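Chain IDs A, B, C and D follow the sequence of writing; residue 1 opens each chain.
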Amino acid sequence: MKKQQNAIIELADISKIYYQKSQLFHTGAGDVVALKDINLTINKGEIFGLVGQSGSGKTTAGRLLVKLENPTRGEIYLKGAPVSGLKGRELKEYRKQVQMIFQDPYQSLNPHLSIAETVMEPLIVHGAGTRESRRQKVLDTLETTGLVPATDFYDRYPHRLSGGQRQRVAIARAIVLEPEFIVADEPSSMLDATIAIQLFQVLLNIRERLGMTFLFITHNLAAAKYLCDRIAVIQNGVIVETGHTRDVIDHPSHPYTKTLIASQPSFDICPIL
Amino acid sequence: MNRIVFISKKAVELFILFFLILTVLFFLFRLAPGDPVTRMVDPMLTPEDAAHIIEQMGLDKPLTTQYMIYVKNFFTGNFGFSFHYGEPVARVIMARLPCTLLLFTTSTLLAALAGVFLGKISAWKKGSRMDGVLSISALVCHTLFVPWFALMMLWMLGFQVGWFPLGGIISPELWIEDAPFGLKVLDVIHHMILPLLTLFIIHVGSYLLLMRSSMLSVLKEDYILTARAKGLTDRVIRNRHAAKNAALPVVTSVGLSLAFSINGGALTEQIFTWPGIGRELIFAVSNNDYPLAQGCFLLIAAVVLSANFIVDLLYAWLDPRIHY
Amino acid sequence: MALLTVDNLTVGYDSATGMTRAVDDVSFTIESGTSLGFVGESGCGKTTIGMALMGLLPDNARILHGNIILDDQNLIKISQEDFREIRGRKIAMIFQAAMNALNPVVRVGDQVAEMITTHQTAVSPVEISVKIEELFDLVGIPGDRINDYPHQYSGGMKQRAIIAMALACNPRLIIADEPTTALDVVVQDQILKEIIKIQNLLDTGFVFISHDIAVVARVCEKICVMYDGKIVETGTREEVFQAPVHPYTRQLLGSYLTLDNCNNIKVPYINSRLGQKGWEHGCALAPLCDNPMDKCDRLCPGWRQLSPTHGVRCFKKSTI
Amino acid sequence: MSYYFGFMHRFSSNWKIFIQNPLGKAGLALLSLFALMAVASFGLHLLGPMYDPMTGVDPVVSRSVGPSTSHWLGTDFIGRDILCQLLEGAKIAFIVGLASAFISIIIGTVVGMVSGYAGGIVDILLMRLADMVMVLPSLVILLIIAALFGQLNIWMIVFLIAILRWPAVARVIRSQTLSLKQRPFIEASRVAGASDIRIIFKHIMPNVLPLAFLYMTFRVTSAILVEASLSFLGFGDPGQISWGMMLQWVWSSGHMFQAPYWLLPPGICISLLTLSFYMVGRAMDEVLDPRLRREGQ
């Protein structure tokens, strides 16, 4: 596997604490430490997996990266430039380069907007292209995500689409600006297994064709093994193990990783498959 | 500890709210066109008496001082003198308060109990003929125009059939004579039935509708399915699992719908000449008895706010999930 | 005599466009002490089967056809009240804990006790509390948590409490509908171990409903694969997993990611059509099949029995 | 433009469900009847000065008499035609109800969306204000204001009712906005770089508008009732005939036990008009996505 050793995203000593509100005196008792001193480097062109159970802080990490929230401590770098203080124009510029795919395809599309409007929104917001070129761009992007023929989907509303199709629309919205980096937050956890595997194929295709970098957040170790070049295992806000996927899974060193591997579902499959 | 914090927070909130209302009222009285002095001092008084009241209320002093005196007077229970009665406002409204509380709490409690019960039945039998009849009648009750309905009750049950007296709280002869206590109570009840029935019918509809919709959404919850899967009888599912949860939001809305109830209460008192605060307020406003109007208004505000406070406490006590 | 026999069960839902069949001509049997798993993707009708067995179908659903016979008693024919007596006592259900399956304002212990008091009138309060402690011990909940409210429980503990509730009256048949979905893998693993332990301990029949074939593979001896309301393949665990015949079964197995098979995953044919095809005109799976025959688009394939335990709904003869 | 089509598409499919609902059908039928009455009031001057609801006195009668061929519903205590007053009252009821509901819906929706979306101190302040206004009994406030500022004209009354009646709407819209704000599609839009204004008007508003319309029907009801009560107590706009005022005349002229032909019609009209708005609201409530309602509580 070809690997370029240039970092696109770096997390340096990132901590995120949710302070307990509505207390008369702040005791710190109810505070939740979602992330504690996280250090990660994600290289250009790779799919990096962040594996953990619910409540481990993996989703928080993704939200920090797309700046839906800000870290309590630490700094995030995009291609070496710190992103903490970004506002206005600069923030908008950042959003052009970092996008997100959300977990629940039934919630991530506005029911009142057509597929075209949904996918076109980033283009409109960033003032990209003309009316005609935007239309063409949307159609092309829908094709890329496997919604063919794209014209069938263009004017539809989400309620007519299946979960897998909705998630492809969400992917199209994320890649339409051709960002450098995409956070995929459990994109397949709400989908049936056969649909999920198709979705992974779409992500791999996109990486192949557009050279994007992904952070793939998942609770499913097998999916991480299938997709990711490198993974990090996160438990209670702390990264317990990181490395090349195969190394981590075949030779886990941390006890938590071992438990995780031991609990993975498996069955004996017929030899002919 | 948490519970105490929660209660004191609510109490502080309540106090601030009341203070705001007090302040707004003060400025309204000073901002309205015309001379504030003539509004606060009975035009029929002798100049010496008038000067005394002006002195007492600080009406000749700057606005800030007036405000201080106003607040101080309020907390010492000095609401000024009613023009009409020539008595301290506090004494007038305190004499009216029991009548209002008697009518109002009885009708609200009865209506809430009946409404919750009927709403429960109606939601449980959703789509049945009984549900149809109940919810349509509830809608009709809820949208009835109160004074008109009160007049109709008076006309039909009071005037035409003659079962009930046409107004007041007690017959004059019983009031004057040293009649036995039991007889007095019976007579008050006799006088109370019509206004009580009117308020009951008006309010029972809204409680029924609230309970019904709350119950319907609870019945869609998964734990109702669990309860059915356990083989529980319909009665247990309905009363123990559905109604208990469904009544919680109804409790909160009792507080919120109080404002609505007070409008109806004032109108009902007016028509049945029930000597309560609402009627006194309408009387004061009609006769430009400003100190009395102000006193009645503040009392009503205080009643509404404390009722909301009680509702908050009740809710906190009923729902184990509440975060203080 | 089998514990449960279901014959040609057909359940329809009233919808705006007419009657749609959620369960279509489904037959199966379960013996005491054995377990049967239903596996299929969302919307295949597996949950509807569970609800039909419990007699808890929603108002807009109707059993159009078929029999459900439990211990010589046809559940289709009995009255509502008789069915209520059976629910909880003879058939119990384990719901998904991620659902709001426990009443938030009633203590967990009381919710389990209620199950016992409903079906066994002659038990003293002491006996009940002893029984509840036993049950909570069996499913692994500490005894001091009995009087907590559900919101004080974690997801895994809620699931354990729901299992305890199902076991309370020693039912003959337990239906588990996605009991581990939405739980973390580690907790899911613990709960499954708990269920297997209970299976070995008791002489109860289990019906397992899951979208996750790995879960079904772990706990069930017999497996039914469903698609769009029909069973497309049924057999013992070994038959279905070692020698699957139906292309859909093979697709399900082939695309399931485990740590061991990441290199030889078969990506199913991507079908971007809107909506499902249905069984009226040929095989519902024809659009998803990698190698359909001509008649697949015209005729609905019938049921073929390959061995006493193994059957399939497909025209294709060969296994490859 | 395509947003418009989306809305129409939803509207037409909702309309079909709505019109199948017996409540909605009955409510609409009644509403159209009252609307006809209101329209008819504009043609009253064609009948001649005797039929003017305010100044037209029948010189032959000059007192309250029952229905006759020249006065189908009878006359009031100085000989004015009751039917004409009833028609005029319908117009006023519609004006008061719709105008005041419209204003309070606009205030409530904007406050609710801003409060829910902005959060923090803005949210706390706005919602405390809403709480405060919500617990105030509107009729009592209007009475105090009427006492201090003298007779209120009809537009003042409309405005005051609206000012006192927005909090319930704001609360519902706010909780809806809060739950929408957590939805990934809003976050997706933020990640895409959309501004707050764009998110509020493009993503949140279309999702809360149905709810706002629903609440408008309930606000119409309460506005009509409050105005009628105020008029009944003698504090209405003396230049406009309203149903509440008609009842006030029956009562204060001492005809309430003698003239059922005069007592019945205005009361029935007020109750039926509010009922019909309410029925339309309930029917809409059932049409709207049930999830919307749950979160609205």
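Just so we're on the same page, a contact is a pair of C-beta atoms (placed from the backbone, for glycine too) under 8 Å apart; a residue touches a chain by one contact, two chains touch by 3 or more.
Keep in mind it's a predicted model, so treat the numbers as computed, not measured.
The most central chain, judged by C-alpha centres against the centre of all protein C-alpha atoms, is D.
Relative to chain A, the most remote chain by averaged C-alpha coordinates is B.
If you tally contacting C-beta pairs for each pair of chains, B-D comes out on top. Averaged Cα coordinates give chain A a centre that lies 55 Å from the centre of chain B.
Inter-chain centre distance (chain A to chain D, centres taken as mean C-alpha positions): 48 Å. Rounded to whole angstrom, the centroid-to-centroid distance between chain C and chain D, based on C-alpha atoms, equals 52 Å.
Separation between the centroids of chain B and chain D, computed from CA atoms only, is 23 Å. Multi-chain contact residues, meaning those touching two or more other chains, do not occur anywhere in chain A.
Those residues of chain D whose C-beta lies close enough to touch chain B in the complex are 128, 131-132, 134-140, 143-150, 168, 221-222, 225-226, 228-229, 232-235, 244, 247, 250-251, 256-257, 260, 263, 266-267, 270-271, 274-275, 278-279, 282, 290, 293-294, 297.
For chain B in complex with chain C, the touching residues are 221-223, 225-233, 236, 240-241, 244-245, 248, 318-321.
Within the complex formed with chain B, the chain C residues making contact are 54, 56, 84-89, 92-93, 95, 99-106, 114-115, 118-119, 149, 151, 162, 165.
Touching chain D in their complex are the following residues of chain B: 13, 17, 20-21, 25, 28-29, 32-33, 39, 139-140, 142-149, 151-152, 154-155, 159, 213-214, 217, 220, 249, 255-256, 258-260, 262-263, 266-267, 270-271, 278, 281-282, 284-286, 288, 290, 293-294, 297, 300-301, 304-305, 308.
Looking at the complex, you find that chain C touches chain A at residues 41-42, 184-186, 188-189, 211-215, 217-218, 241-244, 250-262, 264-268, 270, 272, 274, 319-320.
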